Structures are given as structure tokens and as C-alpha cells.
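Next up, some structures in C-alpha cells.
Both complexes shown next keep subunit A, but they swap its partner, so subunit B is in the first and subunit C is in the second.
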Partner chain A sequence: MSRSIALLLVLAVAACGGDGDGENTGGIGRVDSTSLVTIVTADQPSVLDPHSTSNGGDVKVIHQIYETLIRVDPSDVNRMVPALATQWTVADDGLSIQFQLREGVTFHDGAAFDAAAAKLSLDRLREDGFELSRAPYKPEFGDVAGFDADGHTLTMRLSSPVARVALRNLTMFCASIVSPTVLEASKSMDPDAATAFVTDNAAGTGGYRVDAFDQKAKIARLVANDDYWNGKPSIGTLIFTPVSDESTRTEYLGNPNGHFLVDDVPRQHWATVESSERMQLHSWWALNLCYLGMNAKHEATKELGVRRAIQLAVDREAVMAHYEGTARPTYSLVAQPMAEYDRGLRVPDWDDDHAKRLATATKLIDEAGAKGREITIYYPQMPRPYLPRPQNIADTVRQSLKAIGLDARIQGEENSVLFSQVSTGQYELILIGWMTDNGDPDNFYSPLADGADGKPAENNTSRTFHADVHAKLLAARQLSSAGERVTAYRDVERALQTDVAGYTPLVNTKQAVAYSKGIKGFVIDGIGHYRFDEATLE
Partner chain B sequence: MLAYIVRRLGLSALLLAVVVAATFMLHHALPGDPAAAVLGKQYTQEAAHEMRERLGLNDPIPTQFVRYVGRVASGDLGRSHVSNELVTEELKRALPATIELALTALLIATLVGVTLGVLTALRPRTWWDVAGLTAALAGVSLPIFWLGFLALQAFGESGVMADVLGVRGLPLGGRFSPAAYSLGQFVNETPAATGFFLWDTLFVAGDTQVFLHVLKHLFLPAIVLASVPMAVIARITRASMGDALLQDYVRTARAKGLRARTVVLKHALRNASIPIVTSIGTQLGYLIGGAVLTETIFQWPGMGTYVVDSIRALDVKPLQACVLVVAVGFVIVNLLVDISYAWLDPRVSTAGGAE
Partner chain C sequence: MSRFTDWLWRFLRYHRPALVGTVLVMAVVLTAVVGPVVLSYEPDDVFSRFAETGSKHLLGTDSQGYDLLTRMVYGARTTLAIALVSMSMSLCLGSLIGAVSGFAGGKTDLLLMRGVDIAMSFPGFLLAMVAVAILGPKLENVIVAVGLVGAPMFARQVRAEVLRVGSAEYVTAARSQGFGPSRTLFLHVMPNSLSPIIVLGTLGMGSAILDVAGLAFLGLGGDPYRIPEWGLILTQGWDQRPDANLQVAVAGLAIFVTVLGFNLLGDGLKDELDPRTRRR
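Entry: the complex of A and B
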């Protein structure tokens, strides 16, 4: 036995001798890792087709490979700055926007960038002439009538004067421009195969191109694009490493071997990062909120009085305790960092004294004859960035409702099950949240509190369509003056809280990424999207 | 012996039929609507109905079952709705990763477990025995996620040992570092590559440097995964050896003046080996199916990770395929274990028929 093991070892060593440098045909390639950043994320990137995904893990890679016509200003989330478009003009009637596109830009596969290329991508994301297996952002482009391409001039035609929202939507990753060669080749394939083809042949205009992408082997390696229009990025290689296990992910914070960016750092570790020698924390108030949706059509929450009582009863301070000091109470549906957020707004009968508020709420419950009523709070089982400990937070809300005489219970659901439950209205109360994709107030109110044709939108947790609110939102969408817009959306919020009472905003949270101190000048905007094309290593 | 093997094969085939039916039922037993999972944010009742139609979920269950069996028989395990890739293609990558990890863990578990078991059996009620049993107890009792975390804290790249000794710690996860080598492309583009990285780097590419790199990545997860089977094997070896050492033939062998090593290894261990082999066999099945936690902690891109990702995304096709593959693996391993009994103890095959 031991002799055969020795023989095997000898054989093994013999096999290793000689041409072990990997330069022979079929050898294993060495990667130049002298200029490298490893990005550690919780989500696994799987689809590099920007028109057909909404997965956070994909988006982080997509931002390095592809570019949009315009971007959110990294220093001011309320402004937009040029990217592939150098300038744009909104027509006087607000029904079209003309973009002047950057010249001399090429895709990673060598194709030239022009208005026709941009049109092809923007048509595809709206399924105009294309069929996609998933088109998650198609509804956002419902007001787009079409695009006209002429050399390096692109005109976006709108069916109603909603230029501001349309421009905001163009900053989203889904409006990324993909190589026309790839898209033309994918056109004849069935939708699933087309998405796989675009992923396998990912070619954008961004600072990095795909060097290796194998989602099941968890490999996503990008290298600097030599021909990038803004100059070849200084950092040579980016590696995306998905680490779903929280404790393993935090191990990377202390890793001395190389430069790292660790995304999705658990909140309890933020303070450690801030005092670390190697890493630094970049944190910001995110454009998000966590809220309690209240179904006005459900038997248990159908009375306005009950919903108003819940609005008064929920103890935001107690909810905040689950966020390690990284959340603040919020009182509107729109995210607090946005100009449209109304700092002074509180629900009717609000009293700063918590005990008095509870007394009012209890009275409302008694008046509605709901004392002792059984009421269930549904919550997602998996944490979300705005909901780090779903069960604990749900339980805190439950205690608030107990205090006003409701027999509150909590019920966890698998995330995708819970989200599909919203559109079918199978809940009375639901603990949920929202994070904007484009930084526009309309991206909160339209999906979460509006609807169309007399029906609530899929994510509208109140399950009611309110004609007055709908008219106000339609009008607000068409405003381009910042001042008028602020007034209009604040008016919408008041109407929603008083007349519909279909949600109780709870908290707005901070978001953060930790990265090695040696990484300088990397760009991160207020929505949380980062790019490395301008970053350097020290 | 042949009749025995044929009988075992027949039983295995029956078991496989049950497994296929069970994996089919998985589709209907899972909570949530697969159509909702595919649609995500785009969910509407109409879209969900259309998607169910497209996925064939609106057909009668017997029709769906016949279609499923037909597909499985022709090797078509469907397509993942997350990656749009064929499940068989994805399995080709996940399965070797898990088998490589499981076999390495089993090798460690067997070597350490049998050695520990024999040593403690030879010196019962001594401190050797106590230490061995304590190690075995710890192996069984310590949860994998805790052990994995401790291992990373101690031996990982940012771990205590690396700091104290001033050396580079072991990798935090993955099968290799994509920052160092294009091993993924190599395996994809080399027809002779098997997906078993130890083999591919050493025998296909003949590259010792990358082989050592892969081995370093394999080390911590394999040790952590080996902890439970090692403990089980050690305890069974100790019990089985303890019995064997008291048998008359051992006393006879000793009386004949045979060397102690020969007595222990040839006479006692071989006779004590049936329960040990059984436990090794069942542990292999457990390792292939039960590497979920280890794989998650160490981002090992194997079956465990594949299952977890699929469950999270309610991706039913990969899930069915994984259950099927693991179950088939279990059946095959058990079959091999049964056959090995016959080889180890000829009485097993001749005494058959009564069960």
C-alpha cells in the first residue's frame, strides 16, 4: 500500500518536471496582477445584458463595461452630467430631446459609436423591434414615442411632455449602450439565447472590457480598455468576487494582500472600518426608505381610522435601534436626501409627545371597533439594504401595534414570494422598502402610490387608485422647474398621507462601501453606483 | 457474487425511479410561483399566466411528468432562468468542484479518522484514548459555519497566524484566484481538461506552481468539511477495532508470534473494516450532498453553492437537477459500498436472498 502511494508521488513529481511554466500550448495563462482591485460583493453577477436584468450584482459589473448617454452628477444627485452625449436640448414643447453624441468613441469589439448604435440599444430595452425574456425597465420608458438617429445626433420623441423624467431614466444602467454588432447578431435568437449571447459577448464603450466571465465559477475579470475615449484607466484589472457569506465577506476587510473594495459591509462593522489602518469607509444617505405598506382593500385594514392609528403608533426610534446608528426617521415616501422631501410634514393628529400620540391612536382604534383585531405584518426573510434584520424590525413594529390594542402578529415570507404578494394584495400590512434607480421623485410615487386605468400599480401597497393623486402626479411629471416640482410633489405626499393613508414611512438609511486607502479618485454617485475608470492606485 | 450484484443493481434502478418522481414533485411542492420568480419586478397576473404557459406549468400534472421523464432520459435537465444557460453545462462546472472537494475531504477524514480510531482502540482508557475521543466529539459537535469562521480567522489571509508568523495566510475562498491565473479559460478551452483542477493543473498542464496554488485554495475548505466525517470514521474505527482486537483470531495471530503491525493491520483492521467502509461510503454521499455550508463560507463554486443560489432565485430546474444528481450519486456510492462488502467478506454475497 505504502509502496503504491510512493509510486504515485514519484509519478506526480515526474509529471511536474520540465515545461512547468505554462507557456506551451494549452498552458495556464498568468494574469498581470500588478495593478489590480478586487471588488467583493454579496450578489453574484450573472447577466451582463443591461436591458434584461435588474440584479444588483450584475449592475456593479455593467457600470464598468457599458456607458449611458448621461449620468447622475457624483457630487449632486439632483443634477445630470454628460457621458456618451456631450450636450442635450429639450424642445420648447417638451415633446422631444436632442442629444449631441460624443465622436471618436468605439465599442470594445471595434464597432463605432453613433446615434444609430444608441438608438438600437434604447429600442431594445423598450422591446421595440426586439423581444426580451425580461424587460424590467420597459414601463419606465412608456412615454417614449421613439428615437431618430442622424450621424451623431439622436432625437428622443416623447408622447407627453415628461422630458425631466425621461432624462432621469436615461441615467439608469438599463439605458446602457451595447455594441450594435452584438445586438444585430442576437436579434434572430430566441430571447433567452439572446441574453446569454449579449452576456458572453459583452461589448460596451466603458473604461473596462470583459477579460473572463464565468458566473458559475464565480469569475468576473475586467481589464482596462486601451481605447477608452477618456484615456486608458490607470488600474489595469478589476476582479469581482461574490461572497454571499457575511462573515467571510468581512474577512476581506483585513486582507493585507492587495487592494479591495468591499461592498455590502454589514452595518455592525462600519465603525471597525472607520478606525482601520488599511481600509476607509465611504458612506452616504441613500435614496431609499423602509416603510410599512397598508392595504386599504384588506378586511383588517380597510378603515381609514385604523390606518391612521398605525401611522401614529409606529415607533421609529425603536425601529432605528436595529440599524447601528445608520438610519434616521423618515416621514415621506420620497427619499430624504432629495429636494422634494418635506421636512416639516407629519400625518394628521401628530403630536411630538409619543404617549399622547399613542392615546390618540388607541382612540382611533376604539372608534373603528378594531380593538383586539388580529392583524399580520408580512416581512421578507432575506435582509435588504434598507432592511438589515427583517424579523427583528417586524417584531418592533408589532410591539407598537400591540400598544394601541391590535392583536398584531408577524409572518416572514421568501422574498420573491412576498414581492409577488404585493400585486395580488394578499396582506394587510407589509414591511418593505424601495431604492430609486434614477433619483427622480416620480420613481417613488408612480410605482409605489399610483396606478393607471383605475387600477393600482403592481408595487402600490395601498392597493388603491386615487384619481386626484393620479392627476396631481401626471401634472408633476411634466414640470421642469425645480421649485414648482418641489411644491407639486410635496402636495402629492400630503394628499397621500391624509386621504389614502396607504403607507407609513419608517426610516431612511445610510449605505456604505469600504475600500483600501490606496485606491484614489474612484467615482461613486448618490445612488451608490461606482466606476473605476478615473481611479488610481497608490 | 454476480447474482448479488444484479440484485443490487435492480434495487438501485427502482430507487432511481422513485428519485425521478420525487424531483418532479419538487416543482409542485416548492413555495412560491416559479413564474413570479422569473418575472421579478415585472410581475403582473397576466404576465405570470403567460409565463406559466411558456414554462408548461398550466398543463395537467401527468402530462408534465411524462414530459419531464422524457427530458431527463435524454439528458435534458432544462435551462436556468437566471443565467439562461443549460443546466447540464452548469453542472459540468459545479459537479467536479464538489467532487474534488469531497474526495479531498474524504481522504483527509479517512487517513486521520482511521489512524485516530486505531490508535485509541489500541490504547483504551489512556490519555491517547481520551484525547482522540475528545477530538472526534469536537469534530461532530462544532457547527461547520463556526469551524469555517475560526479556520479563516486563524489561517486565512487576514488571519492571526499570518500576522504572528509574518507569512501569507491561506486564501479566503474560491478554487483559485482569478487575479493570478486564467485557469477558468484553460479548463474551458482545453479538451483534455476535466474540471478537476488538481488533475488538470498537474497532469494536463503540468504546471506545479498552479497545482500548488489550487491545493492552497483546497486546503482549508477540505479540512473544515472533513471534520464531521473524520469524527464519525474515528469513532466507528475505534469501536470496530476494539471488538476485533478481543477476538480469538487476533489472540492466535499474536500467539503465532506475528509482528504487532501485521496483527493490527492485516488481521484486526481487515476484519473490522466492514463498518468502517460503510461509514466511509455513506460519508462520501453526505459530503457531496452536504457541502452546502462549507461551499457557502469558502465561495466554492460547487453543487452546494449552486443549490443555494437556485433556492434563492426559486430557479427550479437547477434545483431538480442537483437533487437528482446527488441522489444518483448516493445510490451509486451505496451500490459500490455493497459490492465492496462482498469483496471484503465473501459471506455477504453467498448468504444473500434472505433479506
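Entry: the complex of A and C
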């Protein structure tokens, strides 16, 4: 219901743009339709506090309002480029990084940007001197000892030499710098009120500032920031409107009125967009993977032999058939576009053709005495970008398991239920995926295959902790040379797949956004984050 | 037996729609019983996806590479079984409530009938959706939900019959001989109230098939591949259009024909068993 209201609202806004009163448009008001882009997203924005959210709907808006010290290079996901920091140097011992910050930058509320302002935000996301109701990215900054601010020089102190990962983490939206005036004012509030306050008074340094945010309809209107350090953006207004229904979202692709960007376009429509006269498709190999998690603690999958057999049995070609040509087989936990993805890596027997692999796997199942064992593959009911047809893909995996003598069945769960199921270990096999936020291999291994204090991390599907793997990962985190990293992570991957066998990588997929051909020069990086501050309209 | 065949012959001769219904239902039942024996594939044998129709696959294969004809035939079996089980559930539960309500009268009657009224004030399908949403989208839950939702109709009908039969002389006679209430109810009242139950049961088969298919179409049917069921086959095809247009048509047609068959048969039985419309 709210979806259709939102739709009507946006159409009304777009339609009555230039003329008349336009008063009846909810909390959004009147806009100039000649310089407007409507961004149609699948997820709803609700919180504009970068330090206290992990919701995709929020992130897309946050990227326009706030900025980070450094960014991922839009043309090469393995490189980083300046943003609010103009340059940075890593100390020889690897235990500190010094940033030179951009001068003459002001926040939307008029506050000046300096090292003290940056420190305040970076402290807040780590809950250093602040209390947050949610601090989803705090663990990523566990190696940070603190920040020292001096004029426009910021020093980041680390407790171990993990500069590479630390820099990568600073490119994430959660490391966005929020106006110090707002943060100071929120300090005395209770955590929920503070987040609401930061949302209501959202002030960053980005190319756009919040003009209106209708919390009920979840529609955000942003307008160009006149004082943006890189020059006032050419596109005057951005409207973010959430449309969760796939087919309704698809209808925007044919909308002739105005300029649109449509996120999460279903794969079966990609070809239509590509041949469309009004819209164009930007697709790229995403930093993601879809994999089959295998619980080493569950009764049905406790034997290593059974898990190894499942690894060998899966038919990636058959799985790929469900992706309309937008997936490729992947053999490691690291996303394939990343420099650390090792194309040479194979676990023993993987190179055999599928029939031979099935024979080997069947033997392993027989040896484990698991023939005819009942085994359930859990899958999310709603599609994910890396899992477009969950039920069909789960069934295809089931077919492979049946072929090696297991009595496999599939069970769909509501997405939120399924994701929380991982941490409680209530599954034997789980069809799931991961998208990185920062493009570092550590962002795959630490959450998905490691843990701390002898316990597996929340999203570790093997549900086991391996001291050996943990040590290897700690060592790999400290490497900065590209060559050494490839070798180190190859070592980690091999150990994980042969000794732990807590997952089977399936495919790496493409992701796409569709946007009106009239939008030129908008920037989108390999992680899928886009900004409009350099874009123009034709 | 010969009395039954005589009756059947006369019934089918005079009720042409019922004849059509019987033929349709018999065809589906025959497919369900004999079909799997004749077929050369198992329902979960995997072939190439979306294979063309031809001598190898009469109706082609689906998005998962399963032979569509095989799954439709096995689907007939599951669809009929599911409908039969859920309809029987409605019948038993509904009859029990109706019989007790009609026979006991008084406060029990009032209480039970108001309950039935409340249940009937909601569209049945909506109630079934809510039930499945709460219980979880699994086939066994769908059966339970459809069974529960169908019960009030039976309760109403059986209560009316029990009230009618309850005042008959042979019931009074049984009572005066000192028979207890349960013996009177189950040996004298119920057997004489059967005909409307048979009619409702036949019509109930049709609506149960529709409800189960409808729930499956809304994604509340559970695992569509392990258990082939027409509603699930239809849903899967719908998701894979236009590649699976034939699948949608075949599954839709199968459901349509079966429901039509049961409804025609039920309508004919109603006319035949109702003393007011019965032909002589």
C-alpha cells in the first residue's frame, strides 16, 4: 500500500514540477523537474546516520550527503583515491597512518571541516566516547587504537600493522564524516534519540544536502550543495524513492517523464534495457559471491568427508543457468574481480569433469556411511542480488546432492530468519552470499570463515573456529605487497577448503543499474556505490 | 450391487452434465493411478532445461530439467490426495460439530453455531492464507489450513440435516427404547443425513483443489520440486515465462478440468439426491 502511495507521490512531484502550487505532495513539496533525477531503489531509506546503519537503502542516500576521507577508485576497485583527505602516508612500522585533509571544506550546517571533525566521526562509529544503539561496523575497526587531530592533519594509530585493511575500511560509508556540531549536540541524548537527531539534522560535506525526508513514505529529497568544495553539482535535485516490488520497479524503465535511475533491475529485464532508447544499463562484475555454507557442527554434515563430497558434487554450470548469463563459476571465498582472487587455485579433484567428481563424491559419501542421509538445504525466500531465483538454484544444488546418494530436500525461510539462522547454527546446508563493503579480502575471510576467542564469527557458516586459519588470516592482514597477499590468501583458502570445508563457492555475479540516457558522467565504483556530484543532464 | 448400478445408470442417463463430470473425474483418477506405471521417467529425473516437446519429452522439460508430463501425472496423484485429505478433514470435523450442535441443541448449539458464523464471515481463502502464513509455508500446513477452512460449510449442512431427521418417528422410537444420545446420533440420525454430505464432499473436492493451487500460486505451497503438485507446477511456470508458457497452460488446464469435473458431478448428485428435484 505504502508503495503505491509512494509511487503516486513521485509521479505527482514529477508531473507538477515546474508549474502551479504543488502543495499536495506530502512532506516533499515542489521541485524543478528540469533538473531532477528520481532514484528508484529496492530498499527503503530510514536512518541517515552513517555510523549506525547497515541498510542498503540508507547507504545510497548517505553516499550523496556525506563523504569519507578516501574512496575506492571508480575505474579500479583495487585502488584508493583522495576524497576529504588529499594524501596519506603509512608509517614505516605500519602502526600509524597520517592523513592530510582538504582545506576550505564546510559542512551543510556551516561547520568547518578539520581533523578534529574527522576524529569525532571516526570515534563515534567505534563507540569511543559515544554510545550507539547499533554500531554494525565497529568490529572492522577493532585494530584502531585511536586518532590524533592537529589542524588539518589526522593520524590514525593502529594496534597491529594492518594499514591496508584500515585504509580499506575508511572507504566504507560507515566512515563518513558528519558535522561536529550535530554530533556534539547528539552526545547527551540516548542512543535511539541521537540517531534520530543525526537523521533529522543530516549534515555532511557531500555534493547534496537533505531538503526533505518523508519518514513515513521513506522518500528523501536532496538538493545540490551550493558550497560543495568540488563545485556545485549540475543536477539540482535528487529524489530517492523506495519501490520494493520488482515488477512495479521495472515499470519505471519505460517511464517517459523525467530522468530515472533504477536500482536492482531483475536480470530478465537487462536485455530489454540494453536495447531501450531511453534507458541504458551499467553492469559490472560485482564484489560478491554466492556460496553453499556447510555446518561442521550439524549432525548431518559433521564428517569432513561428507562436506568434501558436497563440494565436489555441486554443478556450477547448472547453477549458472539460472542467472541469464550474468554469472561465472567461482572457486574461492574472495570475490573474483579482486586482485587477491587466485585463478590458479583448485582444491584436489576439482579439475575433474563433473561425472568423475560425482564418482569421487559418491565414494566419499559411502565411506562416511552417509548414503541415503536426509539433508536439508535452506535458502532465502526473497531474491538477493547474488541469488536471483533462490528456490530454483536451491533445487539445482539439491539435484547434485541426490546424484551422490544423499536424500536432499530444500526449505525456504524468510530472509531475516535465514540470516539470523547462521549465527545459531540451525542448518546443515545454507544457500547464501556475501557482498563486500570495502573490497578487501579480509572483509570476506574475517566475517565468513574466522572468529575470535575460540568462537566462530556470526556469519561463519562452518560454525567452527580454527586456530591455524585464524593465525594465517592475522598474518595476511598485515601484508601490503600485492604478490605476498595473493600467496597468503591462497594458503588460507586451501586450508579452509580442504581442512575445514565449511563452504562451497558457487558463482560470482554481475550487478546492474539502469538509468536514463540523459544522465551523463555520474560516478559508480566497483562496489556499486554511485554519486551524482559530477553528473549532468542532457 | 445391481441396485447401485441401476441407480448409477439412470443417474448418468438423465444428468448429462454429471456424465461429463464423471468422465473428467474418472480420467484424472485413472491418470493418477495408472499413469506412473506407464511412464518411463521418475518425477525427479533430470534432463536438459527447457527441452523442446518431442518424442522424448511429450510436453518438454521445465526450468529445472524435469520432464513436465511425468510431473503432471505424479502431480495428479498428489493433487487428488491433498484435496481428498483436506476435504475429508473438513468433512469429519464439520460433521462432528454439526451433528453435536444439532443433536444437543440449547447452549451447545448456540455456542458452536456462533463459532461457525464467525468462521464463515471471513472469505475462506483469506483465512487459509492467514493460517498458512502462521504455520509456515509447507504442504502439510496447506492441507490443514484448507481442511479447517472447509469445515464450517459441513457443520451448517449436517446440523440442518440432524435437526430434520432428529424429529423423525424412528428417532423418537429409538429414544423411547432407551438408547443413549451417542447411539441414537451415530446409528439412527447420521446414516439418514448422509446424502447432502456426499454432495458437499464432491463439491468440496473441487474447491480444495482450487484453494491448494491458489495458496501454492501465492508462494505458500512449500517445496515445489520434491512433491510435484499442480498449483506449484503452475507457479513455477509463471515465474519462468515466456520459456515455460506450455507449462502454465498445461497445469492451468489440468486444474480447470478437474475442478470442473468435480463440480459437475457434485451438481448432478445434488439434483439426484434431493427428493424435490429427483427425477422418477
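Observations
In the analysis below, the second predicted complex is superposed on the first by the 506 of 538 C-alpha atoms of A that agree within 3 Å, B and C clash if a C-alpha of one lies under 4 Å from a C-alpha of the other, contacts with A are read in each partner's own complex, and residues count from 1 in each chain.
Following the convention adopted for this analysis, a residue touches a chain if its C-beta (ideal position, glycine included) is under 8 Å from a C-beta of that chain, and two chains touch if they have at least 3 such contacts.
On a predicted model such as this, the values are computed, not experimentally measured, just so you know.
For the composite obtained by superposing both complexes on subunit A, the positions of subunit B and subunit C are free of clash and fit together. In the superposition on chain A, A:389 contacts subunit C only, with no contact to subunit B. Legend: residue contacts after superposition of the two complexes on their common chain; A:416 is shown touching subunit B, with no touch to subunit C.
Of the two partner chains placed by the overlay, only subunit B lies in contact with A:251; subunit C stays clear of it. In the overlay built on the shared chain, the residue A:223 is in contact with neither subunit B nor subunit C.
Counting the residues of subunit A touched by each of subunit B and subunit C gives the higher count for B.
Of the two partner chains, subunit C is the only one touched by A:321; subunit B is not.
In the superposed pair of complexes, A:398 makes contact with subunit C only, with no contact to subunit B. Once both structures are overlaid on their shared chain A, subunit B and subunit C have a minimum Cα-Cα separation of 8 Å. No residue of subunit A touches both subunit B in one complex and subunit C in the other. Across the complex, subunit B meets subunit A through its residues 31-33, 36-45, 48, 79, 81-85, 90, 93-94, 97, 145, 148-149, 152-153, 156-158, 162, 168, 172-175, 178-186, 188-190, 192, 201-211, 296-299, 301, 305-306, 308-309, 312-314. Listed in rising order, the residues of subunit A touching subunit B in the complex are 12, 15-16, 18-22, 26-31, 33, 36, 38, 44, 46-47, 54, 133-136, 138-139, 192-193, 195-196, 199, 212, 214-221, 237, 239, 241-245, 247-248, 251-258, 382, 414, 416-417, 419-420, 423-424, 458-459. Taken in their complex, subunit C has these residues touching subunit A: 44, 46, 49, 63-65, 137, 219, 223-226, 236, 239. Put simply, subunit A touches subunit C in their complex at residues 321-322, 381, 389, 391-392, 395-396, 398-399, 402, 409-412.
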